Amino acid sequence: MTINVSEIRAQFPILQREVRPGVPLVYLDSTATAQKPLAVIAAMDDFYRRSNANIHRGVHTLAEESTALYEDARAKIAGFLHAASPRQVIYTRNTTESINLVAYSWARATLKAGDLVILTEMEHHSNLVPWQILQAERGIRLEFVPVTENGLLDLEVYRQLLAQSPKLVAFTHMSNVLGTINPAAEMIRLAHQAGAVTLLDGAQSVPHFAVDVQALDVDFLAFSAHKMVGPTGIGVLYGKRELLEAMPPFLGGGDMIREVHLRSFKPNALPYKFEAGTPAIAEAVGFGAAVDYLTGIGMEAIAAHEHAITEYALERLEEIPGVKVFGPEASHKGGVAAFTLDCAHPHDVAQILDQDGVAVRAGHHCAQPLHEKFNIPATTRASFYLYSTKDEVDKLVDGIYKVKQYFG
Amino acid sequence: MDDLYREVIIEHYKNPAYKGHLDPHDYAFEDSNPLCGDHIEITLRVDGNGNVAEAAFDGHGCAISQASADLLIESIIGKPVEDIKSFNRQHVLDLLGIELGPVRLKCALLSLKVLKGGLYGLGDTLEEA
Amino acid sequence: MTINVSEIRAQFPILQREVRPGVPLVYLDSTATAQKPLAVIAAMDDFYRRSNANIHRGVHTLAEESTALYEDARAKIAGFLHAASPRQVIYTRNTTESINLVAYSWARATLKAGDLVILTEMEHHSNLVPWQILQAERGIRLEFVPVTENGLLDLEVYRQLLAQSPKLVAFTHMSNVLGTINPAAEMIRLAHQAGAVTLLDGAQSVPHFAVDVQALDVDFLAFSAHKMVGPTGIGVLYGKRELLEAMPPFLGGGDMIREVHLRSFKPNALPYKFEAGTPAIAEAVGFGAAVDYLTGIGMEAIAAHEHAITEYALERLEEIPGVKVFGPEASHKGGVAAFTLDCAHPHDVAQILDQDGVAVRAGHHCAQPLHEKFNIPATTRASFYLYSTKDEVDKLVDGIYKVKQYFG
Amino acid sequence: MDDLYREVIIEHYKNPAYKGHLDPHDYAFEDSNPLCGDHIEITLRVDGNGNVAEAAFDGHGCAISQASADLLIESIIGKPVEDIKSFNRQHVLDLLGIELGPVRLKCALLSLKVLKGGLYGLGDTLEEA
């Protein structure tokens, strides 16, 4: 269950890069987007060099090849999630579009004024704004599970909210700021008991540990390829079959139809009903390669590695005077360390770290309400993935000491 | 590849033996392939023993879809409806005697899909097969 | 104004491919999707190997590089269209999503029951289904400009429909079946006189000849990168600034916001207001490279080359007994030849052509109503681009004679 | 790169001369950078000749945004409001004396954006500049 990090790093061309002459890249921003192994880059390159064609509608060799590659990738993703069928895997652009698809199709067909949707205070904007738009349009009611001081969801309040018969509970599996891994299986079980449909934002969970949709019994799961060593431009909405079947189409156009007349159309079967127009074909191929790559290494091994790095990072960061790390203990946490430094603004921290090639994010990380909750405008965030090393954590820590020299 | 257009297929396409529409009929089913517009309608008469007494197909489409419909109809006449329910894709491929890529497979299987979908009253039974 | 086709072909790796041993690819399916030159493939490859990072929110070097690359591509596309500002160029997944964006945002904020939307009988499903969905939801009224026997729009009827004060006129610049190039400038001028907003489906025009949005005075223009030697997974909606500014957001999530609180958000400025979540970053980079590539060769030269090939193809096809080509004369037509052959179904034609490596489409090409109009279920379609040759047309013709041997 | 944190910037950040809020004031403007949350409010008093008599900024954010706000305020005191309307990005960059990438440029220009946006009553005048 251990991974060979130096072997892994050799497979990521960008990790060989120097940010500036003599300054190697220390990439600690995988929560924003992951780097890509050669296998993924090459799969897409090869697709464009050998098989590129539009899918589904063609009988020529290239069209058959590209259709097969596109659908094979879907089957791989379904397998990765332990989904019952590839038909439940709908390609979207990203997590954000996946959540919007549920908001536009399922929710607009289902929710009425006054209906309750439960979210949490640690949601990414992608799982807030679509519901705010719907609230403005429809008059649904939004309630939020609070985040405790130590970065966990307040499950007592959650239970109380469930007593109000919510129609939907939508929450993140793992916070992209606090790193908190929420007890999704338990929360979904309780939501179902209360009669609610559940939507899990898997943007940070699916890339980092094994997620089994059937074990979780989740109704909808949204995630992005680019955060799991896959390409940009493609994501997935997984859904339970009965729900997806009953949902009206969202985007209209080619491929999502069974037949079209001037004044009417019949929608296509799943998953095509929700895939309008020419999809991200090369990206699906790259996504399939990413899933193969992660599976080859093993999600358990990846999670264990990240856990070890995170423990080490928390230890080292907390030893720096003036640093405050947000979120729970390492035991409840994925590979994210968001912190403040008393003497300097996160932007300045990130900028000074960049001088030494250390790439971290500074800002609200698309979780502004969470930052408001903690009364801070921004944090600096270091995040880890299968290719991260303790040595990189040390460089981060050295960089923070340098910041203190400037501002201290 | 030339195999794809074996003489038997061209023959059944050009001169189908079972093309038409039965009226009256006991069952009528139809469906089309959304990707190419091939369309098949099948009408059946069932005798007192639950066997297919007469059957016919109508529609339009490529040689593969039309020939396979004609061959399929030929293969069900006289058979118990219950047996037909268990026909699978291999049955049709054996009738055609060719290998097919995924897109043309849909053409070949359209008539079976119509037939089974109709007998079961289900839409998509076959695509998962 | 001529192009060096063999030089161009050498830049497209896939055109070097043999479909089967000894059978070179004859790719006549560019209307479905274009092949990609090395410059485009390499730009994306290089992005993933050197600069990959999430955009906008990062201060580290990689994030700055990728943001600059993403925005440079937008500026290139704006230049290619002669748009007043890159802010008017919104990245989407494809033409289909671009049209849906207008339907969901502009149209739902603007159109009321009974309002008239004018479409045409030659629209791709992508410019039909979104309006049918809106008709079902809102009770808008749809009317269609008829297509004449020779494949042109009936402009007399168009004028009559305009007299009914339409709110929107949405039509294709070039038919993907008939090849008809519609008189867009004139149609837009008339629509504006009638007080209507205009949406041009540029999926087939922007890749094949120079399109100047300011000269056309078009309000919205939709197109896809994959049809213009760019990658899959990215398209554009161009819009007039006042319209885009006034439109409500469509998809909600990260990047499209200015600020987010638990219960409210403020949308971001253009173009970000409409770009929710992590966009297709590598694809934007590839799109920029595609625009550079096309510009380098010159859209006038490309159009002239395609015109010559199309003229030759029509000549050769029409000389085959039993072949009927749909659409107008070469003078009104882009590089598309959709035809029927009396003795064989289009699928069989395409399949037999594939034996000799000739890749064409068979079906309704996502324009089922147009095929219904001509009383045919399907056509076989050969289509041309800058890399097409007369020699390839000859192979197509040889293949059709072979089909006739089978079925004649 | 080290230039980015020149002493003058750190100094104006740590000990701003013009931080505060004027009350009463003739103008008050505020805005924030949506990408990072930096926030600047500027309050002004204008004398009878149309010159800026007093000015102050308030807000929070990185050293670049706060130091540039302090430097900008310093540079406008005593100047005619009409002149200030023509201040451009180069004015701020000259005050800071550093080169900036596109992201940090937004931090540096936030105060100018607030100032000009307020004086013109327009939102986005600067981003096109």
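By written order: A, B, C and D. Residues from 1 in each chain.
As a working rule, contacts are C-beta pairs under 8 Å (C-beta built on N, C-alpha and C of every residue); 3 or more make two chains touch, one makes a residue touch a chain.
Note that the structure is a prediction, hence the values are computed from the model and not measured.
Asker: Just to be sure I understand: going only through chains that touch, what's the smallest number of steps from chain B to chain D?
Answerer: 2
Asker: With chain centres defined as C-alpha means, what is the inter-centre distance between chain C and chain D in Å?
Answerer: Their C-alpha centroids are separated by 45 Å.
Asker: Would you kindly tell me how far, in whole Å, the mean C-alpha position of chain C lies from that of chain A?
Answerer: Chain centroid spacing, chain A to chain C, equals 31 Å.
Asker: So how far apart, in whole Å, are chain A and chain D when each is placed at the average of its C-alpha atoms?
Answerer: 37
Asker: Mind pulling the chain C residues that touch 2 or more other chains?
Answerer: Residues 57-59, 63, 257, 259, 347, 351, 354, 362-363, 368.
Asker: Enumerate the residues of chain D that touch no fewer than two other chains.
Answerer: Touching at least two other chains: 35-37, 104.
Asker: Check the chains against each other and report every pair that touches.
Answerer: A-B, A-C, A-D, B-C, C-D
Asker: Quick check on the complex: what are the chain D residues that touch chain C?
Answerer: Residues 32, 34-37, 101-104, 123-124, 127-128.
Asker: Flag every residue of chain A that touches chain C in the complex, lowest number first.
Answerer: Per the stated touch rule, the residues are 13-14, 17, 19-20, 25, 27, 29, 32-33, 35-36, 40-41, 44-45, 48-54, 57-63, 93-97, 99-100, 103-104, 121, 124-133, 135, 142, 144, 224, 226, 231-235, 249, 251-257, 259-265, 276-283, 347, 350-351, 353-354, 357-363, 365-366, 368-369, 372.
Asker: Across the complex, what residues on chain C touch chain D?
Answerer: Counting only chain C, the residues touching chain D are 56-59, 63-64, 67-68, 71, 85, 257-259, 266, 268-269.
Asker: With touch defined as at the start, can you tell me which chain B residues reach chain C in the complex?
Answerer: By the definition above, chain B touches chain C via 1-2, 4-5, 10, 14, 35-39, 60-66, 104, 107.
Asker: Using the touch definition up top, name the residues of chain A that touch chain D in the complex.
Answerer: Of all residues in chain A, those touching chain D are 344-348, 351-352, 354-355, 362-364, 368, 371, 377-378, 406-407.
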